[in-house]
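Just below sit the structures, each encoded as structure tokens.
Below, subunit A partners subunit B and then partners subunit C, in two separate complexes.
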Partner chain A sequence: MNNPFKKEEKIKPKVAIHSITGCAGCQLVIYFIKDKLLELLGEIDLVAAPMIKGKNDEGPYDLCFVEGLVASEEDLEHLKKWREQSKVLVAWGTCATHGNVPGIKIFMDEKTVEAAVYKNRTGLKKGLKPLTPTPIEEHVKVDFSISGCPPEEIEFLRLVKHLLLQMNPVIYNEPVCVECTKREIKCLLEDGKECLGPLIRGGCDALCPGVNHGCTGCHGPLESVNIPQVMKLLEANGISEKLVKQRLQKYAGLKFEKLGVKLK
Partner chain B sequence: MSENINLNHITKIEGHADLNVEIKKGKIVKCELGAVEGARFFEGIVVGRKYDEIKEITSRICGICSVSHSMTSLMTIENAFGIEVTDQTKLLRELMSIGERIRSHATHLYFLVLPDYLGYESAIEMAKKYQKEVGMALDLMKIGNEIVEATGGRQMHPVSSVVGGFTEVPTKEQCDYLLHNLKKNKKPAMETLKLFLSLKYPKLERDDEYLSLKPSDHQPTLDGTIVSNKGFETTEDKYYDFLKERIEPYSNAKFAVKEGKSYVLGALSRINNNYKLLSPEIKSVLKKNGIVFPSTNIFYQNITQAIELYHWLVQAIKILEGRTFQAEPLVAANTKKSVGRAVTEAPRGLLFHEYEFDENGCVTKCNIMTPTVQNLRSMEEYISIYLQELLDKKVEKEAIILEIEKLIRAYDPCFSCATHFLKVKWKEA
Partner chain C sequence: MGKVLEKEGLHNFILSLQKHGLLIAPVTTDMTRFKVLEAGDKVELNNNPFFPLKKYFLPNEEPVLKIKNGLTKEPKLKEPKKIIFGARLCDINGLAILDKLYLDQRFVDETYKKRRENTTVIGLNCLNPPSENCFCGSMGLQKEGYDLLFHERELDYYIDVLTKKGAKLVKHLRSEEFDFPLPKTDKKLDPKDLWPFMADKFWEKDNDLCVSCQRCTILCPTCFCFDLHDDVNPATKSGDRLRTIDSCHSPDFTQVAGGHVFRAKRLQRYRHRVMHKLQFFKDKFDRSMCTGCGRCIDYCHSKIDFVKTINEDFK
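Showing the complex of A and B:
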């Protein structure tokens, strides 16, 4: 991808932080940036951020972060508009990159799931009609994908910094295990516990194993990973295939299916 | 003459919501506040799943109150299986909830509320003139987040709190650091209270029912009976029996009512019902400013959040002073066919979870009622009242919209929780 932030440009890049259906947590990661938030905002022109701004501009944007997944017709309309208006579009967080927990629905009978929440719903307002929950990558071209539920502050800062410095940003792409090794955390799998670390993209500094909790997979899978090998390991630790499949449906089910794992 | 007010995707709230008002001859004929966030069907997707991942899933309902959803979820599961956790676990959960309350209130008060009262579109714009205030906000948000991080392993969607206890507890170094930072933030928290006491709020009063938890000897977070100013009293296992959820075609969030009527949740209800137990220090500041509780002014949600911000900061210091935490084994779960219910105080008010389990500990039915779902009817009614008042006074349209937004923001609504949030468009027919 060509970096749109031109060196000779004195003008600050126009940045937008938008959301479709989600929990707002990924946006909060940005607004919760410790000690550096105001400094960062001094380097960019935050022209749209409806969660914290009353005045929000339409594009064009140099850089647009999108949180959330497509779950309604209105979501899709907004997403397509922002794509057209943005030079660089970032899928920010696991809803945007992989569909996250709402994506569990695609492995169930969707009508039954809907009926469990809204019984006999009629006359629904235009735009509210539910769509099969899908990550934004299913609908528009995405320039950078940063997963995580929530994604890490450091990955946001790194991407923005690299763009501002006219570098070609590279998104971290090593398994959680690499970070466990670096932090000298005792392997939970070797201890006979449940941990999805070997399958999952790190970048979190092995956050969950760091507090003695197996990786639950919130960053979604690495592209090249030996899934059957890890499944065997988990089974050896007494975790049934059925349960492993349920676990893999949770954050990035659609992606795991694309990598050849039958999750239904 | 007829005209409409359509606020689509209202800004500076959490999630997405629309307001549609129809006015004929200066009178409101229709007022609909709806969550337009896409539905995520949490109550449906947890069905068939094992108890040990339900907290992890329901936490994702909301980023700003993921601790509340996590704690309520764990307590619901533990109630179902008859698990009694240790006192240390209860204390750590309370501390984590306090951290969330601090960061949530600080974010809401400074980023979503204050710009309206000082005449700015955002806290970022405001920072140019009010650098000190925005700096205090960021420090308070930081200490809140650090408490959640130290107790839950992550500032959002906490991981180390699980069914039966904690996989890891904060170290002495972490506790010392928190204590140091909390003490440093005491002054900014008091200044925040004084700042929010000094703002001019509209007066919008009504004979409302204020519901909250009421513990016997402290301000509420995770325990206490459920009470109201109208003499209502019940326990968490019976709470839901008094409520009805209604579905409207214009909203992906439902509307909860009690005996057919709206009710109010949040900081105002908590302080109204537990005022007596506030510290003499806080009471004296309130007295000096001529603020009296109980209050029926809905805009005092802002003041009561500022009161809570200071109260909880002091409380966190009390909890941490001279205390260390020891690793404890998790209390094991013996799954059985059962029903669990729990009610806690999320930053925005009472949060209810209910799960039914089969004998293997898999969910067969789930029901969750968030504070915003319960406040939505009241919000809609108040918008109607306030708007009519403003129309009668022939207030300019732009000013009306700002006032209505201030009213909505006073509830600190979370439309991600309820499902979504609000966009504002004024259309004249």
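Showing the complex of A and C:
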């Protein structure tokens, strides 16, 4: 894609950080960057960030981060509006990229799930009418996808820096095993435990295996994975197919289905 | 000419090395790793460490260029002198292979060179292979790449001395002439020209087991491929150009400008790794790039044994 951040323009690029259905944790990652974020704030114009700002501008935006997934009609309206208003739209976090935990609903009877929360659906505001929960790229074109529950701050910084410097952004695209091995962590899979490391996009510096907890897959799968073989390895470690499939459903069920795993 | 150290003198000898620099040796906790020796650590003499020796010469990430206010300069290496004890001949020969690439007269890598000069490598000869997957006995290892090498005999250690740097550390010991034997392994790789097997269906058998986790390349004592990233702060126009260890198992590895990926299929990537190790490098440098340490089999999630495949299936 063409980098819309023109060097000669003296005007700072307009950046927005927006949210639809989600826990807001992915936004918090950005605000918690603190010192390094303050350095960047001199280079950008943060025109909309409803979580931390009182006055928020409508578009056009040069760069818009969207956190959360489409779970209501209101979400979809907002998303479509931001897409139209933005030159670059980034799906920020696993809800936005893969559907995450709210997306588990797809694999259950949706009416039953809704009834558990909204006993009397007639009382709902019109915009809050539930939709089948779906990642944002099911509805609009996404320029960059950065998964993670939550994503790592370095991925935000790298993307913004690369765009500001007119570079082609690089998004980390290696399995968790890479960082795990580089950190010389004893392999949990080899130890007969449960770990989804070989399937999952890293970038987390093997956070969970580093504290002796198998990867649960919060970054979602890589495109080029050998799922049948990893499932065989997990089964050899005594983890039932049913449990493995539940794990795959947790963060990125839709994506795993697209990669050929039958989850329903 | 070599030197001789009595067996009971080994412990004190190792500790005395701390006078000359940062002492690194294999230590076993949940597994064996090279680490800086601290009080209470016991030097592991039986296992080969998980991560090979290369980590002290080719770190996972390092700056190759410093950028300040938009101007660039070469980074200065500020590292203490290191002494590494207990490296095996497979890892050490791995260094000798890396030397061919990084110390080539035409393109000397300055940081690698300084690290090599700054580090004293003391090897430990294997009497028994540390792993059942060791096959160095068939890979033509040579007595090169180290400063000193310890060979255990019945009553003492024979120390082979290759460099002046090493000789200084053992000048107080008794001299002896002895031709120590190279390690022997039960597992052997049959020397074969692999070109006729490029299209062999047996690659697929192993490839179906490969999960592209890249552990085989990260843990290989001779895998050196890297990627370059710029980490620059747009506000201050300052930062680093970083060299990070990359792997031919990653689809991004062969991605070029415009987005095309040359080895998009896992089979192509899997085959490339084995072919590079055993054939392409040999065609160019007259020596196999593999030193037979067996880590890529030991630590493979699926325990893919390319040695077995080549020996038994490629006919």
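In the analysis below, the second predicted complex is superposed on the first by the 261 of 264 C-alpha atoms of A that agree within 3 Å, B and C clash if a C-alpha of one lies under 4 Å from a C-alpha of the other, contacts with A are read in each partner's own complex, and residues count from 1 in each chain.
What we mean here is this: a contact is a pair of C-beta atoms (placed from the backbone, for glycine too) under 8 Å apart; a residue touches a chain by one contact, two chains touch by 3 or more.
Please read all numbers here as calculations on a predicted model, not as lab measurements.
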Inset, instruction - Name the contact category of A:K81: first (subunit B only), second (subunit C only), both, or neither. - result: neither
Inset, instruction - Kindly classify A:N226 by the partners it touches after superposition: subunit B alone (first), subunit C alone (second), both, or neither? - result: second
Legend entry - Touching partner for A:E184 - first (subunit B), second (subunit C), both, neither: second
Inset, instruction - Would you check which partner chain A:K258 touches, where first means subunit B only, second means subunit C only, and both and neither mean what they say? - result: neither
Inset, instruction - With the two complexes superposed on chain A, say which partner A:G197 touches: subunit B (first), subunit C (second), both, or neither. - result: second
Inset, instruction - In the three-chain superposition, say which chain, subunit B or subunit C, touches more residues of subunit A. - result: B
Inset, instruction - Examine A:E174 and indicate which partner it touches, taking first as subunit B and second as subunit C; both and neither are also allowed. - result: second
Inset, instruction - Under the contact definition given at the top, report the residues of subunit A touching subunit B in one complex and subunit C in the other. - result: none
Legend entry - Residue numbers on subunit A that touch subunit C, as the complex places them: 39-40, 42-43, 158, 161, 164-165, 167, 170, 173-175, 177-178, 181-182, 184, 186-187, 189-190, 197-199, 222-226, 229-230, 233
Inset, instruction - In the complex, go through subunit A and note every residue touching subunit B. - result: 19-29, 31-32, 34-35, 37-38, 41, 46, 49-56, 69-72, 74-75, 100-102, 104-105, 108, 112-119, 121-125, 127-128, 130-131, 133, 149-150, 207-208, 210-213, 216, 218, 243, 246-247, 250
Inset, instruction - Write out the stretch or stretches of subunit C touching subunit A in their complex. - result: 30-31, 33, 50-51, 60, 208-215, 218-219, 229-236, 245, 247, 250-252, 266, 299, 301-302
Legend entry - Partner subunit A, residues of subunit B touching it in the complex: 9, 11-16, 34, 36-45, 47-50, 53, 56-57, 60-64, 66, 103, 107, 111-112, 115-116, 121-124, 127, 134, 138, 141-142, 145, 153-157, 159-160, 162, 167-168, 247, 249-252, 254, 365-366, 405, 414, 416, 420-421, 423
